[in-house]
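Each of the two complexes below includes chain A, the first together with chain B, the second together with chain C.
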Partner chain A sequence: MFVLLIFLLTIIFAAISILLKKKAWETAAVESFIILVLTAIYGLVDFRAYTGGIVSSSSYPIDRSIGITFSTGVDGLSIALIFLTTVIMFAAIYTAKNEKFDRRFYGLMMFTEVGLYGLLISRNFLFFYVFWEAIIIPVFLLIAIYGDSRKEKASLKFFVYTQIGSVFLLLSILTLFSYYGSSHGNVFTLNMSNLLNPAFITKDITDKVPFWTDFALFGFFFAFLVKMPSFPLHSWLPDAYTSAPYPVTIVLSGAISLMGGYGFFAVLMPIAPVIGVSTAWFIIGLGIFSLIYFALTAMFQPNTKKMMAYASAASMGFISISFGDGILAGGAVSYTAFAGGIYQILAHGLIMGLVFASLYLIKQRAGTESNLSVSGLWRDMPYISAFFLAGIMASLGLPGLAGFISEASIVLSSYYAIGALIFMVIFGMIITASYHIWVVQKTLNGPFNENMGKLKDAKGSEILLLSFLFVLILVLGIYPNLFFGPILSFVKGVI
Partner chain B sequence: MTFVLNSSILESLYPEIFLGLVAFGMLLMGRRVKDWVVYTAVSIISLLISMILLLLFDSSNSSFFGGAFVINNFGLYFALILITSSLYVSFTAGSELKHDPEIFFSIFLFVNVAMIIAAFSLNLIFIFIAFEGISIGTYILSAHGKSKRNLEASAKYFFTGVIATGFIVLGSSFYFLSTGTFNLVSVTSISLINKPSMLLAMILLFVGFGFKLALVPLQQWAVDAYDGTKNPVSAFLSSGTKVLAFLVILRVFLVGFSSMNTDVFYLFTIVSIVTMTYGNFAALSENNLKRMLAYSSIAQAGYLILVLDVVSSNASHFAFTVAIFAAMYYSLVYIFMKGGAFIASGAVREDKIMINDLSGIGLKSPVFAISLGIMMLALAGIPPTAGFFAKYYLFLALISGNLWYLAVIGILNSAISVFYYLKIIVVMFRPATEERDFNLSRPILIPVIIGAAMSIALSFLIYGYPYISSIVAGLGVGV
Partner chain C sequence: MLNYAWFIFLTPIIFAPISVIAGKKAKALAGVLASLSILISLILSIVVWLNIRGTSTPIYQAYNWFDNINAGIYVDHLAVVMVLMVSFVSLMIHLFALYYMKDDPRKNTYFGETALFTGGMLGLIIASNLLEFFLFWELVGLCSYLLIGFWFFKPNAASAAKKAFIVTRVGDLLFIIGLAVLYSLLTVQGVSSPLSIPYLINNAPKIATEIGAQNLTIIGLLFLGGAAGKSAQFPLHVWIPDAMEGPTTVSALIHAATMVTAGVYLIARVLPLYANATALAPDAVLYIGAFTALFAGTIGIVVNDLKRILAYSTISQIGYMMAALGMVSTFGESVIGYSIYHLVVHAVFKALLFMAAGVILLSLMELRDVKKMGGLWKRMPVTVSLMFIGSITLAALPPTAAFFSKDTIIDVAYNYFIMNGSNAYSILPWIFLVIGALMTSLYTFRMFFLVALGKPRSKLAEEAKDPPKIVLIPLIILALLSLTLGVVQYRFYDFIVPGTTKVVVPMLAEYTPLTVVVIGLLITIALYATTSWQRINLEKNPVYKLLRAKYFLDALFTRVIAERIILPLSSGVSRVENGFSISIEGTGKGAMGFGGILRKIENGVIEYYFVFLIAGVAILMLLLEILGGI
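Showing the complex of A and B:
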């Protein structure tokens, strides 16, 4: 119930942001901070003794005859991602201070948060889909209105790509819905807990018409892989990330990228027994290929923003790998695999938030993010450089930081699941490490490029935000149980 | 309701008679009063009164002329939708008239009379007469205006339209030849000897009625006619008359040809795939706003007739119910999103309205841009607009009817269509290349805002599923 109230508050805040004429940034920053604090309190209160399952669920029927209810609830997976969303939205709005954004910008940002919040608490497939789509609209407008010179092409590409993915999601939902109704005496429901039931799918769909199971699975995988993004459905990503203004890039890399992973673990993980071994291998293959391919692509990017966009996509490859591992391994190892994958979503979001937030400050001061002309930043901006370095180190999986926990558990479970092929994963990690270190070397160290002129270091308020993100990454790295515990209980509860 | 209005045929025709009398009255008034406001007000009020008269009908079935004229809730729903579409465009239509408002509005009301009759007709002769009333009326409406473009559009529409009329007559006579009746009753079986003439009737009637709905390969007139006529008229042509043509096609092919389900299924499967794909791909490369909207309404007609595929494929009762519900839902939403989009194109003060002409309007009038944007999202079927929920039920019907290939083709089409709908939103927020003066007067702005509001508010029609699903059987004579 409490979480529903926070959600309603988010809607009200979004409306206020879009209507209020003055002090738009202050309002939006305070609003997103209130939501962050309330969510954190809610998580601490309700999830201290979490043992799996859905807590604080509520349900309001809309149309019983066709199974539409507005039912909400939170589990160990969604609380982690809700927390990530609120942190990222706060960070993105906070960094958007210096630009001349108007109230529409902050309103759209708040509506993005509404959509994500709604998606993560929905327990009814119709509303899951509605929010899934509703998120795209404000993000599309944010890119289309505030992006750089290529914004029109980038925003349309983003929308059309994700739309083609989502329509297949809709067909899959309709398939499950229609079979559930016809096999349960015309009692229809769109509740995710009813439809995502492997026993129902095996007995009522696979045994009768196996085609429809494959059809539904294809739709789910396609939608989530586009959103992730995975090779070969990724071509919207570099355009959208680079042409969006930085605060929107933070949202894209931190919060929007969680949707694909959330789909994997909230929709496909419960029906993992239905997914065949060959599909799992295929997903692992896609994951490994994405990891290596994106890492190699990132290596040759002269633009640091674009490079980190590919780095973000590369680390999403770990999520596909972990998902496939979880299906192949079975037993206790699959817990580690799934939980590692979920933890990777969380860690990746926070890390990308820190990376892009500090890169934004570099861009503001140096005027460009090209790593050919930016070099030797340590001399003038030690604080910003330190935080950028911290973000890069977390991104390559340095022990003690959040990224290590997830990558370690994924690699560990991969060893059990795919055996010797694990060297491919390690190979990807080595490439990742190499270009991460290389970009640090180029931009932070080396001789100072005098063409940039005298650069100012970060102000107190900017340091505050960066250290907030860094402390979170650090806490997640040295005390992972804070989130790993609920996530593991969630995974154990589902499988 | 205790007040029963359809105890006799005369009483059941009260709305039509009333509208007809008002229309004649307008012609008489025309010698003295020349102010468009008066005629707009009179026609809006009389349309509202006819709506109330319709609502006073007894809700149970009653049929007249031996089953040719059937009054039930299903027909009533569509009659109300059609009047709503007339109400929606009449405000803008009046303000754009330069001369002879009395002629325009009396013809407009006559068209409405014909539409209400057609909504309740279950007989080919009745449908033909009502259809002709609409056609002749809309020829005149689209020619209204002094510019050559209007005349050219109307002439194209007229010459192709009369040929289509001939097909309807020929098809109806072949129908009579094989069934012995003009009534669209469920002929359970067709003897082998009558099958060829029945097939011929099906093809001929498809040409005749499919013309009005602008199904491929009978679509090209629509693009020229919508582009050439005044915006309110094209809004009316693409919403009201289109929904009516859809209703007639539903009736004729699902009730009249229920004995030939398989043939109807094959015909409309091919036609729906070709229509939506052609419409979408043609719209993709179109830079003229009104022509793009015309192609998009061809594509939308393709989605609409997917309903026929579901019903004629002998689907389960649930699939049938959802399909007809989708048809009813889509028709209602369609009026506002499509009609609103055509009215909105009147904001550009030019003869040929290009998409790029809209650039800069987002900064000048954010309300207009947001409203048009919402209608575009609704046409593209993006939640949380009502356009999504209409499509949701449509695709639910296809999946429940096991027609997965149609669902995939349809949904891929709707994903592609997103591209050209969003292009308009992108252009609206682009800074203007040159200083442009937009027509954002109230007769344009208010309907556009209403259209956007309805495109969202009608999402709540999903609450109405239990009621509406109880009247879907009214498609035919039964229940």
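Showing the complex of A and C:
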């Protein structure tokens, strides 16, 4: 119930942000902070003794004949990602302080948060889909209106890609929906827990017309892989990330990127038994290929923002790998794999938030994000450099920081599933380490590039935000059970 | 309740940020705080040592970290010796750094990082779980990276830091594959905490039967890969000579005394796994160690950079420690004593040598070429005398500690050959280690004579002079230890592995190492104590060229693997990616009237948004209604 109230509050806040003419930034920052705090309180209260399953569920019937209910609820997976969303939205809005954005900007940002919040608490496929769609539009507008010179192409690509994904998502949902109705004496439902039932799918779809099971799985995978993104459905990502203004890049890399992974673990993991071994191998293959392909591409980018965009895509490969591992391994090893994948979504979001937030400050001061012309930043900007370094280290999976927990779980569990192929994963991780360290060497170290003039270090308020993100990453790296515990309970409850 | 032993590593880690922040205002405070935290660690280590000295029960306390991974502390005799050594040597180097770094504007950062490093190193030693061990393993790697690049504005330092990070990362990831194999296989067996160190070392035979000795061998080889990266063993040793670009105190602390021995400690820690694997795993440790001892020594004799000579000697000496561990299948766990004893002795005298080198370099304005030094014994008598003590210890002349620690390893290698006589190859380690001893003697005395004797060969060397005596106190303490640690040899062995017997070899074998060291000394006296070396021109000699090029291994890594394989691959892939992106845009050309539409809707963004949303939902409901009606 409480979580539903927070969600309603985000809608009210979004409306306020659009209507209020003055102090747009202050309003949005306070709003997103309130939501963050309320969510944190809710999580601490309701998830202290979480043992799996859905909690705080509520349900409001809308159309009984076709089984539409506005049912909501939170589990160990969605609480982690709701927390991530609220943190990232707050961080993104907070960093937009110095830019002259109008109130529409903050309104759209708040609507993105509404969409994500709604998606993560929906337990009914109709609302799942509606929120899935509802997120695309404000993000699309944010890129299309506030992006740089390539904004039209970038926003169009984003829109077209994700829309095609959504169509497949809808078709899959409709497949499950209609088969459920016809095999249950015309009692229709869109409840996710009913439709995502492996026994139902095996008995009522696979045994009758196997094609439709494959069709539904294909649609889900397609939609989620586009959003993730995974090779070869990623073409929207580099353009969208680089063309968008930094606050939007933070949202894209931190929060929007969770959608694909959320789809994997909320929709596909419950029906893991109907996903074949060959599909699992295919997903692992895509994951490993994405990891290496994006890492190699990132290595060659002269623009740090684009490099980190590819780095973000590369680390999404781990999610695919973990998902496939989980299906192949079975037993205790698969718990580790699935939980590691979910933790990776959370860790990746926070880390990318820190990376892009600190890169934003570098861009504001040095005037460029090219890693060929920026050098020796330690001299003038020790604080910003330290936070950027921290983000980079977190991004390459340094132990003690959040990314390590997920990468370790995934790598540890993957030997059992994929055997010697683990060397390919490690190869990807070596490439990742190389270009991460290389960009630090180019931009932070070395002699100072005097052409940049005298640069100012971060102000107190900026340091506060970066510290906030860094401390979260550190806490999640040292005390992972804060989220790993609920996530593991959730995974054990579903499988 | 946390056991007090936790604070051995927590104290410096907690003090690290404090000294950075407090040192911003009061520069002198940073070093004092960092040293104080390490003093606390040392005192706690001594307390732990006194407590567990008489018992064989280790201190063990662990909590759930995440999933089925526990984390905590595990302090047994092996670990307590290591924490004593690390906290003591680190304290000495910190005290010396108070002088060495006194003029650096960023010394608060320096002391914060070295304190964090020391905490990480202590945590690594007493970690109770291999994944926790790996956490600290990477933490010290991070500190090493930051400290090598501490003078970030020097391009050499920046690229050396990068190289160190990437090369050790290769090893680290091999290590984590080893962990993955171990974890997966044990979790499937239903082990509740598969990476817990006490579980692994107490149940090694059982694990070997459960998961198979071959799998243990794979794990052992992968761990060896990690150890080789960290401990700079062939072929992953290439980063250490470059790492000398950092401050000399960093080289002393991290790249001589403590962090580089972490790989040896890793293998010693999980040695029961090697003992129960097939012969390949311990043999790999033995042969790689023995080969590295020889290999690095040969490069050491042609290097002219004072710090790099010491760096190659470090690589070579660690080879001895590795080789000792590799003989576990013949001598059982007593090899841990042989190895760790040399590790401790090495830490003491190598820290001494590096700090003496630091004093010299400070006086010579970072001029590191030994061929430009000379005559320093007259100008800096105290420092160079301390260096002399370090040098004879490194060369293992009696009665220094290394004479006992290193010769024992060589003797054990001889016995290894005797006991495995059916296998002709088993004499190789002994031969490698003996020739390695000759090399050690050659490069050590070459270095020392070039530095100390003759006439100054540069203006800077002429004006060199001793620093205030008080700053040399840490060096003097270490020098005294270098001379006297040999006394405790067998008590040390017995403390680590109770019941270690005396190593006995035939007379001829017993005097072989000392003989080759004296031969080396005589050769260097003939060449370098006089000026005769200046008349020899080796530039055309192919062997000399090969050694100067470091056997082309560095070139293989940077010129071939990095520049000829990885970079072209990367550029190729990103070209594919660009082409891919452009072709996608090409197919979407039809929608290019889109820009105009976009500008129109910009005006009423929010309104359109709602219209879209509501229309979408309405269509969806309609669709569902139709489907539901079928």
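Everything below uses one rule, namely that the second predicted complex is superposed on the first by the 495 of 495 C-alpha atoms of A that agree within 3 Å, B and C clash if a C-alpha of one lies under 4 Å from a C-alpha of the other, contacts with A are read in each partner's own complex, and residues count from 1 in each chain.
Heads up, the rule we're going with is that a residue touches a chain if its C-beta (ideal position, glycine included) is under 8 Å from a C-beta of that chain, and two chains touch if they have at least 3 such contacts.
Keep in mind that what you see is a predicted model, and the values were worked out from it rather than measured.
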So, does A:336 touch the first partner chain B, the second partner chain C, both, or neither?
second
Would you sort A:215 into first (chain B), second (chain C), both or neither based on which partner it touches?
first
So, does A:387 touch the first partner chain B, the second partner chain C, both, or neither?
neither
Could you look at A:108 and tell me whether it touches chain B, chain C, both or neither (first, second, both, neither)?
second
Looking at the overlay, does A:180 come into contact with chain B only (first), chain C only (second), both, or neither?
neither
Check whether A:431 is in contact with chain B, with chain C, with both or with neither, and answer first, second, both or neither.
second
Between chain B (first) and chain C (second), which, if any, makes contact with A:164: first, second, both or neither?
first
With both structures fitted on chain A, tell me whether chain B or chain C touches more of chain A's residues.
C
For chain A, what residues appear in both contact lists, the one with chain B and the one with chain C?
63, 65-66, 68, 104, 126, 129-130, 133-134, 137, 141, 144-145, 152, 155-156, 160, 170, 174, 177-178, 181-182, 186
Chain A-facing residues of chain B, complex
316, 318, 362, 366, 377, 380, 382-384, 388, 392, 395-396, 399-400, 404, 407-408, 411-412, 414-416, 418-419, 422-423, 425-426, 429-430, 462-463, 465-466, 469
What does chain A use to touch chain C in their complex?
18, 63, 65-68, 104, 107-108, 111, 126, 129-130, 133-134, 137-138, 141, 144-145, 152-153, 155-157, 160, 170, 174, 177-178, 181-182, 186, 188, 190, 232, 235, 238-239, 293, 296-297, 299-301, 329, 331-333, 335-336, 339, 376, 378-379, 382, 393, 398-400, 404-405, 408-409, 411-416, 422-423, 426, 429-431, 433-434, 437-438, 440-441, 444-448, 480-481, 484-485, 488
Residues of chain C that touch chain A when the two form their complex:
64-68, 109, 131, 134-139, 142, 145, 149, 152-153, 155, 157-159, 161-162, 165-166, 169-170, 173-174, 176-177, 179-181, 183-185, 187-188, 190, 566-567, 569-571, 573-574, 577, 580-581, 584-585, 588, 591, 594-595, 598, 602, 605-606, 609, 612-613, 616-617, 620-621, 623-625, 627-628, 630
Would you pull the chain A residues touching chain B in the complex into a rising list?
62-63, 65-66, 68, 104, 126, 129-130, 133-134, 136-137, 140-141, 144-145, 152, 155-156, 159-160, 163-164, 167-168, 170-171, 174-175, 177-178, 181-182, 186, 211-212, 215
